[in-house]
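In what comes next, chain A is part of two complexes: it sits with chain B in the first one and with chain C in the second one.
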Partner chain A sequence: MFPEMIDPRVFRGVVDDSIEQFVIQWATSLEEFFYPFLQLLNFFESVLLNSPWWLVVGVVSAAAYASARKLSLAALIAVAMLAIGFLGLWEDGMRTLALMLVCTLVATAVGVPLGILMSWSNRFRAVMLPVLDIMQTMPSFVYLIPAIMLFGPGKIPAVLATVVYAVPPLIRLTDLGIRQVDDEIIEAAQSFGANRMQKLFWVQIPLALPSIMAGINQATMMALSMVVIASMIGAQGLGFQVLQGITRLEVGRGLMAGLAIVLLAVVFDRITQAFGKRAQAHLHTNS
Partner chain B sequence: MSSNYKIEIKNIYKVFGADPSAAIAKIKGGASKSEILKQTGNVVGLNDVSMAIEAGHIHVIMGLSGSGKSTLIRHFNRLIEPTSGQVIVDGQDVLKFSKKELEHYRRNKVSMVFQRFGLCPHETVLANAAFGLKVQGVPRAEREEKARYWLEQVGLAGVEKHYPRQLSGGMQQRVGLARALVNDPDILLMDEAFSALDPLIKSEMQDQLLQLQKKLNKTIVFITHDLDEALKIGDRIAILKDGELVQQGTASDILMRPADDYVKDFIGGVNRYKAIRVSHLLRKVPLAMVKGGETFADARPAPTGTVRVNQPLEEVMPLLMGTDSSLAVHNDEGVLVGHLDKAEVMKALYH
Partner chain C sequence: MSKPVKTLTTLAACILAATTLSAHANCEFGETIQIADMSWASASTIAHVESKILEHGFGCKTELIPGETVTTATTMVKKGRPHIAPELWSSNAKKLLEEGEEKGTAYVAGSVFTGGGIDAWWVPKYVIEQHPDIKSVEDLARYSELFQASGSDKGRFYNSIPGWSSEARSTNLMHAYGLDKNFDVFSAGSGAALDAAIVSNYKRKKPIFFFYWAPSAILGKYDMVKLDMKPYDAANDSCNAEPNCKTPVTSGFPVVAVNTLVASKIKDKAPSIYQFLSKVQFENDTVNKLLAWGEDNSADPEQTAEYFLKNHQAVWTTWVPKDVADKVIAKLN
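So, the complex of A and B:
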């Protein structure tokens, strides 16, 4: 037996109590703070659900074409979207798509600035690295429980949990991308008297863009792998179908929904990757 | 403003490492660079460097890699802060500038050209050339007009819409040069600007720089490790070794009167026929007249044949062989400026 130094029950009690206090004090204001996210998610959902299916397929494959300028990719994306419909999962697919869009937007809005701050300050980076490690390895149920205590089961804790899990690679890749920009180009910008923001927006971000796009791509892939867990706390969509398949032992239902998640992943992956490649176009061509 | 110099740097020390002040105390105590590295772990980049640079001249700072020359040039626009010392430009201490003043100084007074060009690969040639003006907030139409003008001046008309990677090294560096000139700075800093180019292009760029300089009269600080380049373009040359200045002077000072064995070794590999120019050995006309107090046709025999000031010895050798005294030297306008004595040439070549 390992010798007992402190009483874990006391420690657990302290944590439980402080979380409870926190919930009592902050639940309302936090819910208000996150309300816009819920509205955004509901907005995306209603737009996707109320639009005719052919319009959604058209817009998504147009986005694919815009990102890659290749008809073959647009066609592949259209087939993937149609397949979700053929599997009878159109409505659930749209809910998951809406959730993914919001999570990607929130992750980008949070992750890119944090990555930039990390690239600026070694001290901030030293603080962030272990935090990111924790975010990636801590089982999500651990922070889902307090999140549900705060917001109740629903879409907000689902978005939160998904973003917490999905954002670390984006933060890391933004930091890396900016640190890897050629010193001489940075020096050149400085030597012409560029201030920090001019340097950031005209030199560092454009040159780090391939890396940032790879981060967004990773974030979307990780977010998709969270949809089943998100459905357990009240997010509807494909994850919920998988969950029902598991609980009712309906392997077919689970498999179909799982397949639809893979198809959505293909759609997100190909579009974000194509954007990343186009961002590199002038950085690596020799003629 | 008390001095006639455009730029003066005074007693610059630069130590890279955790404890610069301890290292500086040791340098002043006479310790060598390698002793300090061993004892304190600090790297001495520059050791008590002082130099004064006149306006309108090309001042070359030469040294091998690791000599601190790239560190030194970055002090002129404060891309690197010295550990101690002063950098005075037009009578103002650049190191005392606030952030805003420094930005203003970099935007208006000094531009830099980089060894690996430092161009933005995601911007067109035109946008790259206009970068300095964009930083200053100059409207697009105006800055692009100026950028176009300078691109044309450096021989790049017609490639404005290309991206840097689509151009050859020489052309990319021309973009770098145009970008530096668009701001119309007084001072041009060139950090091994032509070192990455192949010999033919390099020589072309050197000629172009000299051509431009005739019109522009900028104060140019030019870093190189190439002695031939230094001799070709430098009005004055400073030689840096292990972060210390070993010799400063004109090309002929360096070639004829090397300060120590290091400089002697350095110039040993130079092709003296190519490197030494008529101007380096010139016996000037007015000087001869004043000195002798008589006409310039002094005791020496009258010159035969004429050459020009900026010709290398190699080109005047055939003429020189045909004379037994001296040649008349004309400048580019055809005015007699002095004489080239055969004896002097022989002395210089077999130094």
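So, the complex of A and C:
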């Protein structure tokens, strides 16, 4: 046994008390502050739920075609989307799709700028790396319970949990992509008198795009693996079906919902990968 | 094999043998006893209490296996493991318990709570103080806007935990009482999330309307008022308990028999342990207070169990023969 020098309960007590005070002071205003965000989430969900199914299938496979310019991929994506409907999980699938879309948007909006900052400053990078490690390994319920106390169970803590878990690979890959841009190309841009922003937007980001797209792809995949956790904090959708299936020992229900999650993952993966590949191909034809 | 290594291996083997021997020294049951450690505080505390009495008093080796009601009952009935489920809410695993009894694989040894388990719908006391005319669930129809969640024009009812049959019951009863017109039946998704939502609202003195069960830490610590329902009606309830009940009818929640479920292996091989398990019983109020103590002192279930063994000796010493009790008390000090 390790000798007990200080009572760990004191530490725990301090944390508990400060969380409690924080909840009493701030929870109501935080809830109001995030209300527009919740409305955005609800808007996405209601658009997807109220659109006719053929429109959703059409738009998603059109996105697949736009990303790959291949009819075969568009057809595969359409089949995957239809299969979710055939499994009787269309509504839950749409809820999960809405959540994933928002998570991907938030992850991109947060992850890419952070990745760029990390590539600029070694000091910032040194600070961020352990933070990213924590985000990827800290069990999510540890920060979710306080998050629920602040925001109430439902979509907002679900997005929070998913983004915290899914954004690190995007940040890492953005940083890596920009650092790997050839020094000679940067020098060439500088000799033409490009300033930092011009260099970033016209040279570094385009050249790092395959890497950034791989990051977005990874982020969406990791986000989908969080849907069951998200359902344990009150998010509806496919994850909740899985949860119901496993807690009631209805293996069939769990399996069907699990399959639907896999199908959604295939859809997200193929579309984002195709974008990445085309970005890469684009680079080679131009260089 | 070189000599020092050989001596070392022998030594290691001896130590190993000695420890296993001493662990099983007097234990009536030849193998490690597995106790299901359920995810909520009261069940986990009772699991630790039983584990400590079995280890210190009966000289057995125990192991706590994390579990949930349905999964634990299933593996006990089908595989005989874990050996003990200390707090099994029979309402949530009715068919499995019948199957276990029929096949002779798992037996209900006794009921853990003298008052049985209470399932009900609750609101905090400050809500009633502000609106004294809220007495029964029907009265809530007028007050749905009080419980509104942001982004919705309906009130929010926090339902039971996914997978429990009280979840289906609550959903059906919401419909039967006509409350689902004014309320969203919302699932927090897990016990932890439901607790967090209740505590957060209680601390801010905001109204919240939720399903909960007693005895439990939440109801032991916070002042909640149980809403009246129509009396329990067995005929109506059998449909209400099904997730896909077509025509739910008003009824109350049954008082649930909360059982100690024991695998037949223990009953056959270790009658004195079975005897002890069948006697394990708590007053509902004792459990509520015990759990509230645990919350107030941020003690984990194991520390709460130790606190119980030290401070409530009058309760648990009646469960075991005197010599066993003495051994446990000796270990405690």
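A few remarks follow.
Note that the second predicted complex is superposed on the first by the 282 of 287 C-alpha atoms of A that agree within 3 Å, B and C clash if a C-alpha of one lies under 4 Å from a C-alpha of the other, contacts with A are read in each partner's own complex, and residues count from 1 in each chain.
Note that contacts are C-beta pairs under 8 Å (C-beta built on N, C-alpha and C of every residue); 3 or more make two chains touch, one makes a residue touch a chain.
Keep in mind it's a predicted model, so treat the numbers as computed, not measured.
Once the two complexes are overlaid through chain A, chain B and chain C fit side by side, free of any clash as defined at the top of the document. Of the two partner chains placed by the overlay, only chain C lies in contact with A:42; chain B stays clear of it.
Of the two partner chains placed by the overlay, neither chain B nor chain C lies in contact with A:129. Superposition on the shared chain A places chain B and chain C such that, viewed from the Cα centre of chain A, they span 150 degrees in steps of 10. After overlaying the two complexes on the shared chain, residue contacts for A:152 are found with chain C alone; chain B is out of touch. In the superposed model, more residues of chain A are touched by C than by the other of chain B and chain C. Of the two partner chains, neither chain B nor chain C is touched by A:259. Once the two complexes are overlaid on the shared chain, A:188 sits against chain B while remaining clear of chain C. Contact with chain B, but none with chain C, is seen for A:207 once the two complexes are overlaid on the shared chain.
Within the superposed three-chain model, A:243 lies in touch with chain C and out of touch with chain B [touch as defined at top]. Looking at the shared chain after the overlay, A:198 reaches chain B, while chain C stays out of its contact range.
Superposing the two structures on chain A brings chain B to within 45 Å of chain C, judged by their nearest Cα atoms.
The contact surfaces that chain B and chain C form on chain A in the two complexes do not overlap at any residue.
Against chain A, in their complex, chain B makes its touches with residues 74, 77, 79, 102-108, 110-112, 114-122, 131-132, 134-136, 163, 165-166, 179, 183, 189. Contact residues of chain A toward chain C in the complex are 9, 12-13, 16, 20, 23-24, 27-28, 31-32, 35, 38-39, 42, 141, 144-146, 148-150, 152-154, 231-235, 240, 243-244, 246-249. Residues 182, 184-185, 187-195, 198, 202-203, 206-207, 282-287 of chain A touch chain B in their complex.
If you check the complex, the residues on chain C that touch chain A are 68, 70-71, 74, 149-151, 161-164, 186-190, 192-194, 196-197, 199-200, 203-204, 206, 243, 297-299.
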